[in-house]
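Common to both upcoming complexes is chain A, partnered first by chain B, then by chain C.
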Partner chain A sequence: MADQAPGVRIDGLTVVYKTPAGELPAVRGISLTLEPGTITGIVGESGSGKSTLALSLLNAVQPPGRIAAGSVEIDGLGDVVGLAGEQLRKARGAHIGYVFQAAQNSLNPLKTVGKQLLDLGRSHGVEDLPGLVREARELLGRMGLDGARVLDSHQHELSGGMRQRVGIMLALVLNAHLVVLDEPTTALDMITQANILKIVREVHAERGLTTLVITHDIGVVAEVADRLAVMYGGRLVEQGPTREVLGAPRHPYTRGLIKAIPRLVGDIDEARALPGRPPTLATVPKEGCVFRERCPQRMDVCDTVDPSVVADGARVVACHAVTVKEHAS
Partner chain B sequence: MTLIARRLAGHLARGFVMIIVVATISFFIINNIPGDPMAAQYDKLLQSGMSPEAATQAVKVLYGFQPTGSLWQQYTDYIGGLLHLDLGTSVSRPGQPVLGVLGEAAKWTILPVLGGTLLSFLVGVILGVYAAIKRKSKLGDALAISGSLLHGIPQYVLAMLLVVIFATLIPILPADGPVDIMFEPGFNAGYLGSLAEHAVLPIATYALSAYGGWVLAMKSSVVTVLGDDFILAAELRGMKRSIIFRYIARNAILPLFTILALSLGLLLGGAVFIEKIFNYPGLGWLLIESINTRDYALMGGAFLLITAAVIVANIVADLFYTVIDPRVRSGEDST
Partner chain C sequence: MITGTGITKTFKQRGNMLGKREVPALRGVDFAITKGGSASFIGESGCGKTTLGRIIAGLETYDAGEIAIDGTPMSPLKVKQRQPHFRKIQMIHQDPYSALNPTRTIYQTLQAPLALRAGQTGRPEGWIDERAAEVLSLVGLDPGTVLSRYPHQLSGGMRQRVVIARALTVDPEMLVADEAVSMIDVSLRLGILALLKDLRERLGVSVLFITHDVATARYIGGDSELYVIYRGQVVERGPVDTIIADPVHPYTQSLLSAIPVLHGLERPGEEPVVPLESLAEDQSDSGCLFAPRCPFRGDGCTDERPLLQVTDGVPQEHACYYPRRRSVIARPMSEV
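Coming up: the complex of A and B.
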């Protein structure tokens, strides 16, 4: 087991879902690199394909979906798209930790957290089970919980924030160094949200992790992520260092997203919701730009040609309008 | 443990009240159905050519008493006796206490019902899990269809089919009562063997007719659990298949225990047709007999026994949940 943060290289990843209308892509040709030791945030609306992307990292896209093309190279594991059976099972949990949305019940309701921890240990051939329990207690204590008590509790006896910390503990306790958090703060109150984000940041630094945070809340990304990737209609439309992207968004969708955030001070009407609705699996256009229906800068070329992904230093954008502007200047 | 004791006490108190209520209702209903056992006996004697005086005398001798008290007095006597577990004396079998008659019949009901239900539960639940996991393959379809088919055949039709096939066409199994009379009752190989041999067809009937319900119920329960988040979570944590399988099975089987307890309780009332077809002198058979002979005391006792069985089954199911479902346990803590 690699004891350092692994790097992850997603290349040309396409995930399709089988529907009555044939196989439709939920994620299309995404390339994204997670540098070792960084926190990457993926932002997108519901249905943008961000959860599908997250599951692809564990090669765990649920049927009727499947990875149709591309690769996910993880240091120390190789291409997880090629893994199957026992190899894949052992990689999950031991190399890659996955943290569920807090509102989801990610624990067996009939067993105590401690017993499920032991099940996890046995599944991964951990010989020193008392050591595993000790480690779990420490992790929980580190996150401000009474470890012994939590391990002795059932899911229904824990609050949302506590469950989320148990989820993080279970993702880390086997010493995984790549952690995927799917909507880690959704359905939590503001104080708990802030707490969880602080824990994510601190644990990330202390344990030397590579972290991927999936969220629809751009505020969460601003809080924790080093790099930000914006997804729309199954495509990555923009990515770059968080500060730069948020400070000077280039893609019209990113700009729309940022404009839609209500501010605590100032006029509430300043927040402007994006007009229109995000595309669903069935309504994603087959050709041309996926965002054109809602885009204020729509041009003729957008209807027919898929904008290519253009890198400019650390920034990457896929938009005809941006490319045209740069060529003009 | 004190929690379970507290729950049990509450249940017993409620169960007691329910039994008294049911006893009251059945007492008045039975008293209001037309027909009077002594009048029936009296008529029979008259028809056989006895003089009216002699017939009255004979009836009195036969039953040892003539009902004289008001209905209310009979009722209080009945409930009073009930509190001492005295259900009265059988009318059609003079001198025999109802409780004893019921107990004698119960042993012929409990064995096949318990055997058949538990067997079908075991097989049905296991096959139900497979039907759910393989629900997109031919095997899953076949299991579900077998469940629907057997579930759809009425119990008595199934019983007659079995009798026709295994007792008449290919006479390999007996269907003529609970045991061969040639054996001395007791713990000897001949008697027990005969007992088991005779129980095969009734048990098979109960098992086959209940099997479909278990398969279908377990299948839908497992399918529900398979869609739960914690199963995907366990998979993404790299849990072993065998452990995930146990998670699924334990969560899916929970709702089935209620059905199991209730069906056991109801079946203890005796399956009238089955016992008739296989000549088992069980509770259902006894109930029909008591109605035919206008045996009020026995009828009331049989009704009461069914009530008590259902109530006890409910209590057992609830206490069982306290043991196996932590959510029920702590639900009590907060009240």
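Coming up: the complex of A and C.
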């Protein structure tokens, strides 16, 4: 594996889950490119399919789910949808680092961090285990921790912010250059969150990574990501450079979501929750726009026709109302 | 009206060979929440805000100080005598997924406390069903569709509304909402906050809001009293809008600086405050509790602990020897 940030091209990805009502799509027809060396943030509420999409990067969608269509091309690895068995196991960890949601709870409570690090090394056939420990200590030190002490600790001896940093260390220690962080700051305090986000930015730049951050919190993406992609009901509804999307959101869902964030300044009465509720696997519409039930700009066509994904320079949006407006102007 | 004076609580951990370890959770906290008023406790996890909320709701004892509910001090009373007082204060927990019994319909969940209430107040038959529908309407749910459902059939936001409805069944004077929106989908959070504000205005219920996210505290009402708690001590106190606009304590400033900036829509404050180190258990107890992390600590900070006070030119109470306004929060681009 080359020691440089890989590019990732997700094309037409559909992931379905088997339910009593048949196979239902959690992720439907998603195309997304992660340019080498960038941080991309995926924002979505519960049931948007964001975690399923992230797991697809590892080809790790568990039954009753399966990747039904599409491909995930990663530089130096090829299409991970086609990988299986030993090849796949090697790719995970060595090429793709994954920091799991609630990394605070993903450590083995019975083993010290150091022992888990050695397990990781052995399972990936690392011959220079002292070297691996050295690398882990350096990474932890880089993140402001006493490496030797942390490696000797059990998870209950570490705070939430410290465990999160251990999760990042384990994802990077095998020299992966593609890193996926699933909800990296959920359940952390504001000050700890700010600290972790700073670490993510710095480690990303120093090690030359391609990074994907999955979160429900637009603020997290605003702080770290170059590009922002918004998911709703298994679809990618808008994406573009973070600052441009936040400054001038186009999709009604993105607009509503930004308006719904409690802020420190500004008119309280202007901020409001979106009406309705996010769809679940069972309630997401089979045809037409997935957001129409909650949309203030709903038109007849939204009920029957899936809005196509339209690119305009770096901005991409899938909404009939936006397309109509642009044709009119 | 609920008041607390000098509330102190120390948790004693079962010892190791060196003996018992004592963890001070609250170090003499004063507060007052008027009828129909609201207050917010903010701070990092471990600061004591949840412990204080639990003490106020009667779910935890205190070592020293006094809680008085409508003028009646609680500590002289026997446990049984306290109950009717503490019943006026109801807790809304963080996680609406574990706060409801999954094997009971929403009707069954509401019916149990209502039956108790009907017995106490001698209500006629039929009142329970009427009242169950009424409390659901109060929280913005349609009784016709919700009553027969089980919790798993509802979204997180709807479940949290059911939890609030259940608290309302006993006609409380105050709701204690502990991180009540942090597990709710972002697009629905404001709805829950607006509901709490609405219940204040319509029913005159006081709201105590406990959170680590200062921004949410505004939405309970701009007149809401904000208590910034650090390691069991209130370090800054005043109306929420005053403190957000002009915080003077470096800890409050650190909390506000840590809130993510929506780049593209906002520009960051000019003097963000970042603590020198993370909160750690072994940090010094002498003098100002924040001194070990404070970038602005000066002479005397580690000698004697500053107490909550008002100084010239600062309207809110603060516990800092060197209070100074700093521009820490992000502003909308449109304002510049």
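One rule holds in what follows: the second predicted complex is superposed on the first by the 324 of 329 C-alpha atoms of A that agree within 3 Å, B and C clash if a C-alpha of one lies under 4 Å from a C-alpha of the other, contacts with A are read in each partner's own complex, and residues count from 1 in each chain.
In this text, a contact is a pair of C-beta atoms (placed from the backbone, for glycine too) under 8 Å apart; a residue touches a chain by one contact, two chains touch by 3 or more.
Being a predicted model, the structure only gives us computed values, none of them experimental.
Of the two partner chains, chain C is the only one touched by A:Met190; chain B is not. In the superposition on chain A, A:Ser46 makes contact with chain C only, not with chain B.
When the shared chain is aligned, chain B comes close enough to touch A:Phe100, but chain C does not.
Ranked by how many residues of chain A each touches, chain B and chain C are led by C.
Contacts of A:Arg277 after superposition on the shared chain: chain C is touched, whereas chain B is not. Using the contact criterion defined above for the overlaid structures, shared-chain residue A:Ile261 touches chain C, although it does not reach chain B. Chain A uses no single residue to touch chain B in one structure and chain C in the other. Taken together, the chain A residues at the contact with chain C in this complex read 45-46, 144, 159-161, 189-195, 197, 216-220, 222-223, 242-247, 256-258, 260-266, 268, 271-274, 277-278. Across the interface of their complex, chain A is touched by residues 228-230, 232-241, 243, 247, 250-251, 254, 324-327, 330 of chain B.
Residue ranges on chain A touching chain B, taken from their complex, read 55, 58, 60, 62, 89-94, 98, 100, 104-112, 119-120, 122-124, 154, 156-157, 170-171.
Residues 44-45, 155-158, 185-194, 212-216, 218-219, 222, 244, 254-265, 274-275, 278-279, 329-333, 335 of chain C are the ones touching chain A in the complex.
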